[in-house]
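Note sheet for the following structure.
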Amino acid sequence: MVEPLLKVEGVRAYYKLGRVFVRAVDGVSFEVNEGEVLGVVGESGCGKSTLSNVLMMNLRKPLVLVEGRVLFKMGNGFLEISSLGREEVKKRLWGKEMAVIPQSAMNALMPTIKVRKYVEHLAESHNIPKEEILEKIRIRFQEVGLDPVWLERYPFEFSGGMRQRAVIAIATLLNPQLLIADEPTSALDVVNQKIFLKVLMQMKKRGIVKSIVFITHDIATLRQMADRMVVMYAGKVVEVSPLEEMLRKPLHPYTKGLLDSVLTPEPEVKDRGITTIPGAPPNLIDPPTGCRFHPRCTYAMKVCREKEPALVEVEKGRKVACFLFTEEIA
Amino acid sequence: MFKVMFKPLLKNRKFLIGFSVFLFFLVLGLFGPIFYRVDPTEMTWNHEKPPSREHPLGTDTYGRDILAQLIHGIRSSLYIGFLSAIISLTIGTFVGTFSAVKRGVVDETLMAITNIVLTTPSILVAILIASYMRVRNVEMVALILGLFQWPWFARAIRAQLMSVMSREYVYLSVMAGYSDLRLIFEDLIPTIATYAFMSFVLFINGGIMGEASLSLIGLGPTQGISLGIMLQWAVLMEAVRRGLWWWFVPPGVSIVAITASLLVISTAMDEVFNPRLREE
Amino acid sequence: MRLVVRNLSKTFSMGFFSRRHVEAVRDVSFEVKGGEIVSLVGESGSGKTTTAKMILRLLPPTRGEILFEGKDVWRDLKEREELREFRRKMHAVFQDPFASYNPFYPVERTLWQAIELLGEDLSKQDKLNLIKESLLRVGLDPKDVLGKYPHQLSGGQKQRIMIARCWILKPLFIVADEPTSMIDASSRGGIIKLLEEMREENGTSIMFITHDLGLAYYVSDRIFVMKDGRIVEEGSPDEIVLSPKHEYTKTLVSSIPKLYKRMEDLV
Amino acid sequence: MASKQMLRYLFRRFLFLFVTYVVATTVVFLLPRVIPGNPLSQLLSNLSMVAQANPEAIRAAERALMEEFGLGKPWYVQYVEFISKALRGDLGTSITFYPRKVLDLIVPVLPWTLVLLLPATLVAWILGNTLGAQAAYRRNTWVDKGVLTTSLVVSQIPYYWLGMIFIFLFGVRLKLLPTQGAYSQGVIPSLTFSFFVDVLRHYILPFLSIVVSAMGGWAIGMRLMVIYELGSDYVLFSETLGVSDKRIFKYVFRNSLLPQITGLALSLGSILGGALITEIVFNYPGTGYLLFRALTTLDYPMIQGIFVILIASVYLANFLVDFIYAVIDPRIRIGQEA
């Protein structure tokens, strides 16, 4: 059955700015299962990028872990990576067990050395023989559709799409189990976006990476590849659902609002029309009481203003944090 | 608008320290002569005396009071600094703005000139010019120094303006029927104001340093007194090797204190206004 | 015809000693009727924004003509008053809501500019009322907006104020340069609706400049697809999206991720 | 290694510096002729006023001056003569040391300036950059704050004033080191060990005053560059890949150093200016000292000659720095704007 690879349990990660806290990730729990593509979706400023740092335990001040645990499967058990220091996690997991494809792959490669040199340095940092890794990167480059002669070039000689592919090849070089992609396609044109998605899915199909967490605001992109979706709003997870079921019947009003605002060139979209969620995401220094979505929610009830809804399983494999569902059950 | 600009500065400790030190010297230069009424050129029989009650900072070879010289020296050094800074700022703003607005051949020509002046060792050319002038008043020295400081500022202003002018709010002002002049005053100048102010501070710095260098080799103002001229006299009279520390230490300390405080001011402003340096 | 563009070209020259020429726009021609919504679709570097700037009289073309209401935008507007008239009738909403506001002024400056451009003899109070009305019209509470500086408002709010500016002017033509690409998806629909209402109420023609074929498909009467400075295909949204002819349009349509269909060739 | 793009870049730089040099020498030529009050004719009348001393020598100097500056001929003839002479290495005849040639006087003093200036500049650059990078790496620790504060003050100390302080402290008070000259008076330069030691002892104070006060500026600049670089995408990506901190720091150091190289080229002029004045304070027999004597005696041919050479060496050094930059930065070597 499905085994979790990474577990996030009640994590609160805040940015400490002087005396106030920005509650970017505020009480979040979910799992990343082995062999799945998990989509994380939400608008800007809802805490998705912070979440990617939390998954890696890449915490640098002013970002601090206030509460909760992050567990990563190592061998037969789980390693509580949130109890380790950043240096420790870096040494034991980064690159080898988990890797990131960053938002701006354009400038992600060290600009003034050749790509081959960079790969050699990577090997050196992980105490892997150079020859072995060079052999591997040559194959990996071919797999992502780059001629290995490009290893002898500098990153600035690559085009945007090629750079993005080189970044995938390097990020997956040590066969990390978990790959976190944080808005990786936003700087690419649509043709290169598609190539990128193909390459990414091949990495998973070939078993080079086990699971992928794909963080984006673009539901249409996630729709192409995600198995399950995590919907974030104002630092909270409001819904976790398998993709198809979420598309067919979104539970949380925010999820519905997001889906109804997607604009793709399809006749169905034209027939459906486009809706707007009134208002704007709240300031995370002083978020609304109760359900954080209630000021923008058309279904808001009295209880929504007063109590915070918990994330509860309402159907098999579907969780939602909304009183429209939980009050009935309770 | 200025409230938005300066409020965060007043919270920055570096800025406050730098500003206080500079203010101290500014006040000393401006009002010192009113309170310390000793003629810096008056010769007495007290030759080369160390600091005493009568002469708080001692006297030089001709028995002239060092403190009086210092106060007057600070005054004219600051004056030269300000004047040369205004000259540099004016030339730099003019060249940078003209380049950015006119583009094309005008831009390329102006930038070629700017690069030539930038690569030219300015202090050497200043020495050369000054050497041909038999009489040099304070203003001429400021002019010589101001003539060569502007290139990096002009380049920065040009780059900033070019980036501002492709920003949407400038288009929107154009589309609201603004004249070029109004556009410059309402949209362009405020954008470059903080940078210009920081540069102005560094220009003063350069002017004071430049004056000291010129004066030390005997090419400073031919009349009056400045911090550089004090140092020149000290060198000529071998004050250093004869151990007359009260003669050459105060002007040097003043130069360093004034210029360092100005540098601290501009560094602090950079920290406050430059988003890449902000510590969140 | 409200807008006629004929053989429009723009070449940028760079370098002093060795001149390089970049042809950003090559021989572009199209027409826009009164009350029509069209879209100029292309990737970055396709020349769509350059085209928009030339139409808005912000960037002089190298060749070709732009006729707005029968007058050549670059040759016929000699008098100051003629130019102001043009600015009133042809307006724009830009992509970046942050760059659309000078950070040194409160956001309503952009509305005062519009009122000034209008040139009507109103009392200060009337003008203020007009500003408030325009804000209400675009769904903003004047209390939340007036006196605020750009960094204090969200992207969606700022974009709405831009439309309030257009509402004050009631132009015949609006160039909307990626008006929704930098704001959250959840507020995109509102902006589009407001622009559509401008057309319903005043017969305004709107030209969307966008890389987002989804947006173009949704809002337009006609779509022009641009690539490398040329218009490679033109047609109704259904023609472009459902039966593209040009090779580029085909690749473009097939590469865009859809919501109701999963790409088959991905895995 | 040397690609076509790199050669093209170097050729462009060379051309630019050459044009700049022509402009600069033209300015050197024009200055005495356009400055109000015509300093040259004034010098002539000064000479004739004090002519009672040695009328013969004065007249010779007067002739030399007329000859040197080609006074009386149309300006363009003067200009062509000036340029063609300069190209032949003829910088004219000194007035003070008449009839010795200017070039013959400059050549023996140049090595002293080079020996002082080059090592001091390089050492200051290397130390300053290392210090600045270390400070940035430990941002907001007391190391950083200490380095920054000290650098802010030290960078504003004129070389020559620091020299004065050093002379006073180490020479006059502590009597550790000699206070002036390049070697002890009365000693005849020779290739012996004792002479070498003597020169070294004289060298320390002027060298240190330049190194210490020049270091601060580099440290400040480098600190800023490293802070910028530490936030860049490639650093963040390398971290998440588990690249070692040591390696990442090397990356950052290398990339931050590139703008500092350009900075070195741009500040060569002012470093030279400062060093010349430092020579004067130390009575160090270099170009600065020669220039100082020429200035006090209004020896215009000598002044002109010194400047033609100094400016040329600044541009030459500039070109060298450009060359090094092109070798180090692949973006220039391969032909992409940095």
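General observations
Per-chain residue numbering starts at 1, and chain names A, B, C and D are given in the order in which the chains are listed.
Operating definition for what follows: contacts are C-beta pairs under 8 Å (C-beta built on N, C-alpha and C of every residue); 3 or more make two chains touch, one makes a residue touch a chain.
Only a predicted model underlies this, so the values are computations on that prediction, with no experimental measurement involved.
Listed by label, the chains that touch chain C and also chain D are A, B. Overall, the chain located most centrally, as judged by its C-alpha mean against the mean of all protein C-alpha atoms, is B.
Chain B and chain D have centres, each the mean of its CA atoms, that are 22 Å apart.
For this pair, chain A with chain C, the centres built from the Cα atoms lie 33 Å apart. Computed from the mean C-alpha positions, the centre of chain A lies at a distance of 52 Å from the centre of chain B. Computed from the mean C-alpha positions, the centre of chain B lies at a distance of 47 Å from the centre of chain C.
Among all residues of chain A, none touch two or more other chains. Shared contact sites, meaning residues of chain B that touch two or more other chains, are absent.
In chain D, no position touches at least two other chains.
Note for the complex: chain C touches chain B at residues 16, 53, 56, 58, 83-84, 87, 91-92, 94-96, 99-102, 104-105, 110, 113-114, 116-117, 149, 165. For chain A in complex with chain D, the residues that touch the partner chain are 56, 58, 90-91, 93-96, 99-100, 102, 104, 106-114, 121-122, 124-126, 154, 156-157, 167, 170-171. Those residues of chain D whose C-beta lies close enough to touch chain A in the complex are 232-234, 236-244, 247, 251, 254-255, 258, 328-331, 334, 336. Across the interface of their complex, chain B is touched by residues 16-17, 19-20, 23-24, 27-28, 31-32, 35, 37, 39, 42, 140, 152-153, 155-158, 160-161, 164-165, 167-168, 171-173, 179-180, 220, 224, 227-228, 231, 266, 268-270, 272-274, 277, 280-281, 291-292, 295-296, 298, 303, 307, 310-311, 314-315, 318 of chain D. Taken in their complex, chain B has these residues touching chain D: 115-116, 118-125, 127-129, 131-134, 205, 209, 212-213, 216-219, 231, 234-235, 240-243, 245, 248-249, 252, 255-256, 259-260, 263-264, 267, 276-277, 279.
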